[in-house]
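Across the two complexes that follow, chain A remains constant while its partner is chain B and subsequently chain C.
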Partner chain A sequence: MPLLDIRNLTIELDTPHGRVKALERVSLTLNPGEVHGLMGESGSGRSLLAKAILGIGGHNWKITADRMMWNGENLMDMSTKQRRSLMGSEIAMIFQDPISSLDPAKSVGSQIIEAMPDNPDIPWWRRGQDKKLNAKKWLHKVGIKNPKKVMGSFAWELSDGICQKVMIAIAVANQPKLLIADEPTNSMELRTQAQIFRLLSKLNQLHNVSILLISHELDTLSRWSDRLSVMYCGQIMESGITAEVIETPYHPYTRALLDNIPDHSNPEYHKMMMETLPGSAPALQHLPIGCRLGPRCPEAQKRCVAQPLLCRKKNREFACHFPYHEEPCYDDTATKS
Partner chain B sequence: MTRYLLRRLNLFLATSLVLILVLFVATSRFPVEHKFALTGIHSPTPEQVAQITADYRLDEGNLSQFTAYLQQRLSGNLGVSATSNQPVFDELVQVLPASFELAGVAAILALLCGIPLGVLASLSKNKITQHSIMAITLTGYSIPVFWLGLTLSLWFGVELGWLPISGQINLLYEIEPVTGFLLIDTLLSDSQYRMSAFTDAVLHIILPAITLAVLPFTVVVRITRTAMLSIMEETYIKAAAARGLQTSKIVIRHALPNALIPVLKNMGLMLGAFSSYAMVVEVIFAWPGVGAWLVSGIYQRDYTVIQGGILSVALIIIFLSILIEVMHTAINPISRKEMYATS
Partner chain C sequence: MTTPLLKVDQLSKSFFTGYKRFKRQYNRALEPISFELNKGETLAIVGEAGSGKSTLARVLVGAEVRTSGEILFEGEALESRNLKQRCKLIRMIFQDPNTSLNPKLTIGDLLDEPLKFNTELNEAERRKQVIDRLRKVGLLPEHVDFYPHMISEGMKQRVAVARALMLNPKIIIADEALTALDLSVRSQILNLLLKLQKEMGLSYIFVSHNMNIVRQFSDKVMVLHNGKMVEKATTKKLFSAPEHEYTQRLIQEQEMFSYKR
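For the complex of A and B:
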């Protein structure tokens, strides 16, 4: 049974320009113990998806889904309170800007301790001490060399890398089953990035934490994730085992992404035009109907004004009427967008 | 931190010096005999004239006169009151605690009611609650305090007869001043009527305290609300929610401490307006505080009282606003971050 199974999730935002579908019919399946990469440009709704899974959407969101199953329970049917307790214990999230996701008026240590669960086996007067020890242990585990000093400092006194490690420590201290990492290494230097990714994959291997890794860098995702979903403009384009997706992309968007990776082996490369898809990603208030890649897609034809449903073949999923290397599923074309 | 404290101390000393300089210049411009304006002695004997001239070095240059003035005032010699012939300093010591008592009760009232209401206004999704809270605060903000004081005493004091409308306590009670704060003194006294005296003092303070609290209350509500609204959108609040904390816990532990920082800052900015409101309230309710004392001094052209009153009130305001700023820095780790960057 998959750990997280989302079918046809749609998020509509109320904006001054009217209601827009920021996410349209997104489906995502996450198996226990895997690192699932979610690839997308900025603005493609990756963070919205993550927040929708956690249930911390804004006040102008309208979320509809056929199902959103967590371990066999439907998240859509749960009350806010139930979801909060689920978030504390089973799902955790780390954000792309670690310094601003820590309360600036409180020491880092108190925030870690706050997130820790009470241990009912210990009498209540020793629980505080126990939590403190635990917090130190976790900080040490995520690779912070002087946990005591870090616990006494404020978030803005620490570097981005250390703050992200603290966030990871807070997230994993409850031993969650799923960790959502929303661009965990955004604006960090390469060495820190590598440390964070190594830490995440170690957590995945040692504690069997499933990770939903959100990023815009295809090479990072291809290196660290087991399965990959590619998102464009709020629609899932393709998903499957990372190696296979990269080897033989079915969807024109994935293919374009792979083709456009700069080739630095060619000495004349820096004098050539960079290959990209024509045009740019549409703004939220000017979304095309049907397949949102349509206007930019090299393979687009008349049929593309109807949104292709996600089609599952040979352990791969793709949403395209004219895929490469594979026949499309004709039976389940969406009639309405 | 030491450097910061020294800088604040320096600010306090410099501002006070300028204040005393202004008073010094104003005193020499008062439309009376200069010696009378300085000491309050109406018809001094020849010995007193010699003494005054020596004390204030009146036959020397301006700078020397100013240092002498500074010396006299700082050593506590504020002259004598022309109307009562008491030393101004003694009168000041008698009236200051009453003012502090009134201001303290009003401030506590404003904070205790204002902060929860501000939080409620920011968290409530109900448009009616939000708008009615905002309407109440806007009304309170725009009501002139003298009208409010008179109306309250007319309704609750005269027509309904629930509360006394003047003074600090019924004159029948004789309370030995220990701390000067009547609410504490009544409890400390060993008279057999001390509980009823305490109740009487509480009843007397209700109307003036409410009148004085209205303005800071509305400001606190509005600032708490705006601060909470912006803070609830911050990433760390979302992150705390993602950690599974309940909304009430998030508000109390993370949002409120951050929201109170601007409230504290604005309390410092409001001190001047607050103290002038306090004077008006003291006059309306015949509260025996420094404001009423100063205003009666002005009416009676009692120049030493005017000087003493202005000096003490201004010094207290300067001191408190610097104290609030220091407190703001001490309890607010974020402002220490700014200090990192500048120094």
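For the complex of A and C:
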């Protein structure tokens, strides 16, 4: 049974320009114990998806979904209280900018302790001490060398990498089943990036935490994730096992992204023009109908004004009328009506 | 023997950090450094945070005053105070296009400003040049009346490139200009820079920590570590046989983030 199974999730935003479909019919399946990469450019709605999974939508959101199953229970039917009890304990999230998402007025240690639940097996007068020890243990586990000193310091005294490690410690201290990492290494040094990713994959292997890894760097994701979903403008373009997606992309968008990564195998490619998609991603107010890649897609034809459904073939999923694949899906009946 | 376009000789920079026992204390951000840059070449500067690569870029462009050393442009020394002379020759593209453009000015005004302060052209001529540069970076003449918030991130970075091109500089310094951009936008801008280099014979000094782009884009690479230059070589040589231990580590780390074809 998949840990998280989302079918046809649509998020509509009420903006001054009217209601906008920020996410359209997004489907995502996450199996227990896997690292799932979610690739998308800025503005493609990947953070919206992460927030919708966690249940921290904004006041102007309207979320509709066929189903959103968490461990066999439908998240859409749950009350706010039940959702809240899942938050932080079973689903944890690491936010984009670690320094600004920690409280600047409190020491890091007290923030970790705040996030940890009481242990009912221990008498209440020893719980405080126990939590402190646990916090120290977790800080040590995420690779901080002097946990005692870090516990007493404030977020703004620490470097980027250490702050991110603290965020991960806070997220992991409750032993969640799913960890959503929203751009965990944005604007960081290569060295710290490597540390953070090594830490995440270690957590995944030792504690069996499933990780939803959100990033815009395709080469990073291809290296660290088991399965990969590619998103463009609020629609899922392709998903499947990372190695296969990279090896034989079915979707024109995935192919175009792969072309954007410099290739050093042939010295003739040095200082050559790279192939890119023309134009830029559309703004939310001016979304094209149907397949949103349509106006930029090299393969686009008349049929692309109808949104292609996600088609599943041998644990690969892709949404395109003209994929780079011998036999396209012929289940367009739903879109015609 | 031709003189190189830019020759830097024993350039160094130290920052004043305060007094200790009535003596002025300095922090050496950049040890004496020398290099040459020819016409149409790209020099990449790589290193981690705090290695002095941004300091070097800022000293070259004139945003910081150098402590010692000389910068020779086509054999002529550039004075450290003569900014008007320098800003016509060396221009800079900044890291974040969202914050490096003034939100209160239209793009036309933004591009017009360097011309207004540095040339004697009248308004019609300036307008013509603005539109010419906009076309060159792949934007439309209509974009003159747009404000920066109305266009996308990639287009903003194009405007930043156009602004750098306004005074017909010989050298453009890009300080982490591509790190904040998305993958597809990044390669669009990279293509644009390559195209301009071919057309106009520009030289670039390219500050980055992404070894993949550096490998694709540059002719020469300079590796900085703690303000010292640890290695300088052509791109091909540096990536096939890195000599210094620190360079080897940088390349190895990059490999953790790139997939095998």
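In this text, the second predicted complex is superposed on the first by the 321 of 337 C-alpha atoms of A that agree within 3 Å, B and C clash if a C-alpha of one lies under 4 Å from a C-alpha of the other, contacts with A are read in each partner's own complex, and residues count from 1 in each chain.
Heads up, the rule we're going with is that a residue touches a chain if its C-beta (ideal position, glycine included) is under 8 Å from a C-beta of that chain, and two chains touch if they have at least 3 such contacts.
Owing to the predicted nature of the structure, the values given are computational and were not obtained by experimental measurement.
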Touching partner for A:Glu41 - first (chain B), second (chain C), both, neither: second
Touched partner set for A:Leu190, first chain B, second chain C, both or neither: second
Which superposed partner A:Trp156 touches (first chain B, second chain C, both, neither): first
First (chain B), second (chain C), both or neither touched by A:Leu86: first
Touched partner set for A:Met1, first chain B, second chain C, both or neither: neither
Which superposed partner A:Leu206 touches (first chain B, second chain C, both, neither): neither
Overlap of the chain B and chain C footprints on chain A, listed as residue numbers: none
Partner chain A, residues of chain B touching it in the complex: 125, 234-236, 238-246, 253-254, 257-258, 261, 332-334, 337
Chain B partner contacts - residues on chain A that touch it in the complex: 51, 54, 56, 59, 81, 84-89, 92-93, 95, 97, 100-106, 114-115, 154, 156-157, 167, 170-171, 174
Chain C contact footprint on chain A (complex, rising order): 41-42, 187, 189-191, 193-194, 197, 216-220, 222-223, 246, 256-257, 259-265, 267, 269-274, 276-277, 280-281, 283
Chain A-touching residues of chain C, taken from the complex the two chains share: 42, 48-49, 152-155, 179-180, 182-188, 190-191, 194-195, 209-210, 212-213, 215-217, 219, 235-236, 239, 250, 253-254, 256-259, 261
